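What follows is chain A paired twice: with chain B in the first complex and chain C in the second.
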Partner chain A sequence: MVVIMVTMASRSTAQRPNGSTQGKICQFKLVLLGESAVGKSSLVLRFVKGQFHEYQESTIGAAFLTQTVCLDDTTVKFEIWDTAGQERYHSLAPMYYRGAQAAIVVYDITNQDTFVRATTWVKELQRQASPNIVIALAGNKSDLGNKRVVEFDEAQTYADENGLLFMETSAKTAMNVNDIFLAIAKKLPKNEQTGSAGTSGQGRRLVEVEGQKTTTSNCCK
Partner chain B sequence: MDEEYDAIVLGTGLKECILSGMLSVSGKKVLHVDRNKYYGGESASITPLEDLFSKFKAPPPDGSYGRGRDWNVDLIPKFLMANGLLVKLLIHTGVTRYLEFKSVEGSYVYKSAKISKVPIDQQEALSSDLMGLFEKRRFRNFLIWVQNVQEDDPKSWDGFDPFSNNMQALYNKFNLDKNTQDFTGHALALYRDDDYIGQSAIGTIRRIKLYSDSLARYGKSPYLYPMYGLGELPQGFARLSAIYGGTYMLDKPIDEIVMEDGKVVGVRSGTEVAKCKQVFCDPTYVTDKVRKVGQVIRCICLLDHPISGTGDALSTQIIIPQKQVNRNSDIYVSLVSHTHQVAAKGWFVAMVSTTVETSNPEAEIKPGIDLLGPIKQKFVSVSDYLEPTDNGLNSQLFISTSYDATTHFETTCLDVLDIFKRATGEEFDFNKVKHELGDEDQ
Partner chain C sequence: MAEGEQMLEGFLCSICKTDLKTPHQLTKHFEEYHNDNPEILKTLKELYGKAKKKILKHEGSSEELVTLDTSLKYRESSLDFYYNDWEPQELGETRSYTRYFTEVRNVRLERYSAETNKLIIRLDKLLNELPSDPISRRVHEQSIVPWIDDKSVKLCPTCARSFHVARRKHHCRLCGAVMCHDCTMFLALGDARNMVNPTLVQDDSAISPTSTESRISGRFVRAGIGLSKLARSPSSGSLNSIISLVNDPSRSEQHFRLCVHCEELLRFREQLKERKLSKPIICQFYEKMRSYIDEANEHSVMYNKMCESLRKGETTYNLQDAQTLRVKIAKLAENIDLISKRISILGIKDVDNPPKGQTLKLQQMIRSAATTFLKEHLLNSKPLPTEEEYTAFKERRRKAIEDRIEHERQMEMEELQRERRREQQNREALISDFVIVSRNDQMILDKSQGWGPSSATPILASSMDPIIEQMNNLRAYIKQARDAHKYDEVATLETNLRELQSAYFAMNQGNSSDS
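And now, the complex of A and B:
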């Protein structure tokens, strides 16, 4: 028989097997935004699994990944939401922005349009998301420097004016991929009021529990 | 849009979104379109509050309602049974990871012009004023018998065949009085009318078991409610569909479902035609292929206080059994609040609904409205309950029925599973999906 339990989805202090507690774990919802084919999924795959596929298909089958980043005594666990292609016809559900504490807006340095669209995604976040959201701008495909059309300085100036973190990244070579997530982790507030998983609505997640197995917190991988 | 799809789904109500998700997961190429610029159709939660007021052509809300964006008001009131089909669908498709829920704090039943709590444990049952002492004992024996019934083991039936006997016979076996029958059929088995009494007892037994299994999951009540409103549910299933390759277009007018020799071949929007083998839609997209079988009245009430007599519960359900108010179908009252992120701080959203029986539906819901106390704002809607005239087997056009007046999603899911089976020729395999999705989360 399938047993369904309701468990708290919130920040927790992890119990080590010996019962002692370690530093706190903060969980944050991070969303990716940007035009189709700028490399949103590739950035996540590189960050979470260390993989890169030259001909990555449009996002299928993996739109919810988690990865942890360790900062001194704090473990930051990212719940990473990919757009699942719903950005293509501007049909992203409000649920996507709901409770997001961080966002990476991605453009392709070889395509000016994607940079222009990135600025509208930033405006959309400022309108729809929570006011304290940490936004990072990623100029992806930096390995294709010979085809560059978006200048580094132009993007940096825009980021500075709008209070965004900014890095040029390459999912292909892994350049700055871990760094941009780390920079976001550092900037996120890690006090008691924040860091509830995902939607921060103080509700509970439904999980299926087989037998007596209960959910446990993760520590650094 | 000028492409070819296995299936085109029209409308992003909950039923269509679940279907879209199941089809995409099953490997079908799906295009999902809505004429509105928001997700959810009839099962949307309206936000901000200004949009709700303008939808009902009321002047804009004043400052007392707080920030409009803090409101997400459902158009159709329902709760999830904690052990019901929708929860099973959410868990087995992985959609549950996008959502958070709160347990509904309590369930009440209306008897002799006042409301009483539906007992959730022995202690509450003993102190309950719903029935007298001897009746309580008989009712307890009845519940124990129901819990012991195993459908495939006649030895557990204790001499009463629940398949061949009707519910009246079972009530008689345990000598339950009319009040207890009312309570059992309407507050536990959640029947809307009394038709069940003449039907095979097994149906009611299953419903009572669903109620008690759901109650056992969390304890306060058998119901769950999603944070930010019911409109999150269609969005969650739409996301599932998108993850499996479904293409989404909102704000896209649909001008024609293109048929050839009685079979669907595509969908036209303006001059664009998307080809497909099957079309799935809600009744509002095919007004010539549905019939009206009834009406449901729903009244959204904005309150700045909880409902009196419910222990200031921040969420609750009240069932008014039909006989108590001389009707043929029950009246339902549901209440959710700011704690579910559906209203600004200090505010509550109550909904009174029932199946329409007269030409003056607003008068019909008065017993429910009277329980609420002062109401700051009221929005009444009467909607047709539509069902398809075509089962889709030849036309490959599969139409869902409108949302009924039930308080939960069991009939919603049954309709979805039935449509899926008609369209694909097979039952939806819950387990297959689970295993394919299993490795996303570490």
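And now, the complex of A and C:
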């Protein structure tokens, strides 16, 4: 196996093809984890397409979606991997949180078990994912307040103890959905390398493994 | 005018009131006797300017007028000095008439719309529980709109012809007035229902925006129309009922008889409604063209990026994809060219009323904007490398990388470690920055920027190895991303597919060595 270090490839260029270099373009890999039916796909669908389906089909394997947002002078492109919550797909999860710069761990506020499962996901990420990964905890279905079993304070305390971002969300009403992605985007380092677009490639590295490429950098590919 | 003063007429001097008989002589007189007064001369000139056209029509005086003209020109140039020296004149008292205008206009509009609304309300009442039996229907109609006593009407109030056996009296169902048959129209019940239905949008309005007129007039059927003319009426279902009406009087219950005045008000209202709903054809063309331009823009950004990357010999994108995209862009360019050409000649063939003035100018501007766009953005795009060139680029890139690696290898690890430490520090500093600086800035989210595949239909799920399932998923996603020309997404998905393939390979190796 040959490991080749190369300087950044064209995808990582912050320059637009038309030559304008106004603003930075950052690309982040984000993964969603959580028990089945907590609403991971629904959250992503809301964020990416502004839609909500009452009868969202259970995800198979992992779905891939992208969304681009503008934040100050930076264009942030999220590459979102929406994993399947069913246990039989657990083995796939590492493929997707590996190399991810951010993760949203989702539970359903009307189901205590899903909160417990969320905490084990957080532990797994803390052990196996990139040490710099930004983790957000989302208590979804906040529109079903009358069926709540997981208290807000309980989750907030847990999130504080583990250094997680925390919000209660609702894919149905869109509450806090954009906000949680915004909070993540803000927390992600966007300009760790300073300098002009021309020299910005020097600090970036791509690792080519037998013709494949994975980024080891966290930002502004 | 003061009492006893005589009314003077002719080419009078404004100062000494002498009648000079011709303009030429008047000007000459003025120059000779009063040339210290430039302002008056200017006024005189303007006055003649206006009168000139009229005077020109009179024969004989043309010679003198020419002299007048040149002499005034001469004076004018000598007067320039004064005019240029004057300060710009200040604006005096002003008064806005907008409010007055809208007041007057509103009163008129109200009168019109109040009248029309009255008719619509009556129409609604008439339609409500309309009896099918002719006798009770007549009672119902008169209970809503009282009919005027036809005995007092000797002549048709519209065409002023007398009534007799062959020209009978008819009542308008909306105003109750008496008219002759020729001065009334039939309004089909179905159309009447559509008129009073506030929510109903004509579903055919979008299809033929140009035929608004004919569709509206088609709703009203000339009561006395001959069969030969019926074909003109495009209003669908009504044709049959009109025919049957002519042949079978008992079926006349399918219509309301209206006088031409009521009909006119209703038709005007329908036209307004239609106008609000329908878009001019040029808008539709333009919107179509805009959507092509937007699409072409998006694609050409992607294309340039791919082209640049391929020329560097990178393997991020695939040459075939770039070729497909190039073809796609060329097609779009062709469409933009065609549609803008159509816009530029829109209505030219209409001999009676060809586009002119601002309309024509707009059409031409759209066309020239489109051609400029094509020239600047699409036609100049860089060509793609050929297969051979691309292979050579890739080879060159590989060589360059290998060379550099040879050179950097030893320093690499060392440098990497140093940098990791630095990055870590930077990042910590930055994270705290971000938290502290937490402004209430908003993220701008454009939903059209988002992309995701439509859910892949699971093929024999559950029984399959999850990795294989996911590989199938990815293949379906890649296809969708490619179809949507989302080549960055294609690249990411392909990378993931390769990862899964090698993971699957490694797993099977492990299994076989276990057994």
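Keep this in mind: the second predicted complex is superposed on the first by the 162 of 221 C-alpha atoms of A that agree within 3 Å, B and C clash if a C-alpha of one lies under 4 Å from a C-alpha of the other, contacts with A are read in each partner's own complex, and residues count from 1 in each chain.
One rule holds in what follows: a contact is a pair of C-beta atoms (placed from the backbone, for glycine too) under 8 Å apart; a residue touches a chain by one contact, two chains touch by 3 or more.
Nothing here was measured: the structure is a model prediction, and the numbers come from that model.
Trainee: Now for A:186: first (chain B), second (chain C), both, or neither, which partner does it touch?
Mentor: In the superposed model, A:186 contacts chain C only, not chain B.
Trainee: Go through the superposed model and pick first if A:164 touches only chain B, second if only chain C, both, or neither.
Mentor: Neither chain B nor chain C is touched by A:164.
Trainee: Please work out whether A:125 is in contact with chain B alone, chain C alone, both, or neither, and reply first, second, both or neither.
Mentor: Neither partner.
Trainee: Which partner chains sit in contact with A:47 here, chain B, chain C, both or neither? Use first/second/both/neither.
Mentor: So A:47 only meets chain C here.
Trainee: Which partner chains sit in contact with A:93 here, chain B, chain C, both or neither? Use first/second/both/neither.
Mentor: first
Trainee: Which of the two partners, first being chain B and second being chain C, lies in contact with A:25: first, second, both, or neither?
Mentor: neither
Trainee: For A:66, select first, second, both or neither according to whether it touches chain B, chain C, the two together, or no partner.
Mentor: Both: A:66 reaches chain B and chain C.
Trainee: Between chain B and chain C, which one contacts more residues of chain A in the superposed model?
Mentor: Touched residues of chain A are more numerous for C.
Trainee: By the touch definition at the top of the document, which applies to A:38: first (chain B), second (chain C), both, or neither?
Mentor: A:38: touches no partner chain.
Trainee: On chain A, which stretch or stretches are contacted by chain B in one complex as well as by chain C in the other?
Mentor: Comparing the two interfaces on chain A, one with chain B and one with chain C, the shared residues are 4-6, 9, 60-66, 88-89, 91, 95, 203, 205, 218.
Trainee: In the complex of these two chains, what residues of chain A are touching chain C?
Mentor: That would be residues 4-6, 9-11, 16-18, 44-45, 47-50, 57, 60-72, 79, 88-89, 91-92, 95, 132, 178, 181-182, 185-187, 189, 191-192, 203, 205, 211-214, 218 of chain A.
Trainee: Quick check: in the complex, which residue numbers of chain A touch chain B?
Mentor: That would be residues 2, 4-6, 9, 58-66, 84-86, 88-91, 93-96, 98, 198-199, 201-208, 218 of chain A.
Trainee: Okay, in this complex, where on chain C does chain A touch?
Mentor: It is residues 301, 304-305, 308-309, 312, 314-316, 401, 404-405, 408, 412, 416, 419, 423, 426-427, 430-431, 434-435, 438, 441-447, 449-453, 455-456, 458, 461-462, 466-467, 469-470, 473-474, 477, 486, 488-489, 491-493, 495-496, 498-500, 502-503 of chain C that touch chain A.
Trainee: Please output the residues of chain B touching chain A within their complex, sorted ascending.
Mentor: 39, 47, 82-83, 87-88, 90-91, 94, 96-103, 217-218, 224, 226-228, 232, 235-236, 238-239, 242-245, 247-250, 252, 339-341, 436, 440-442
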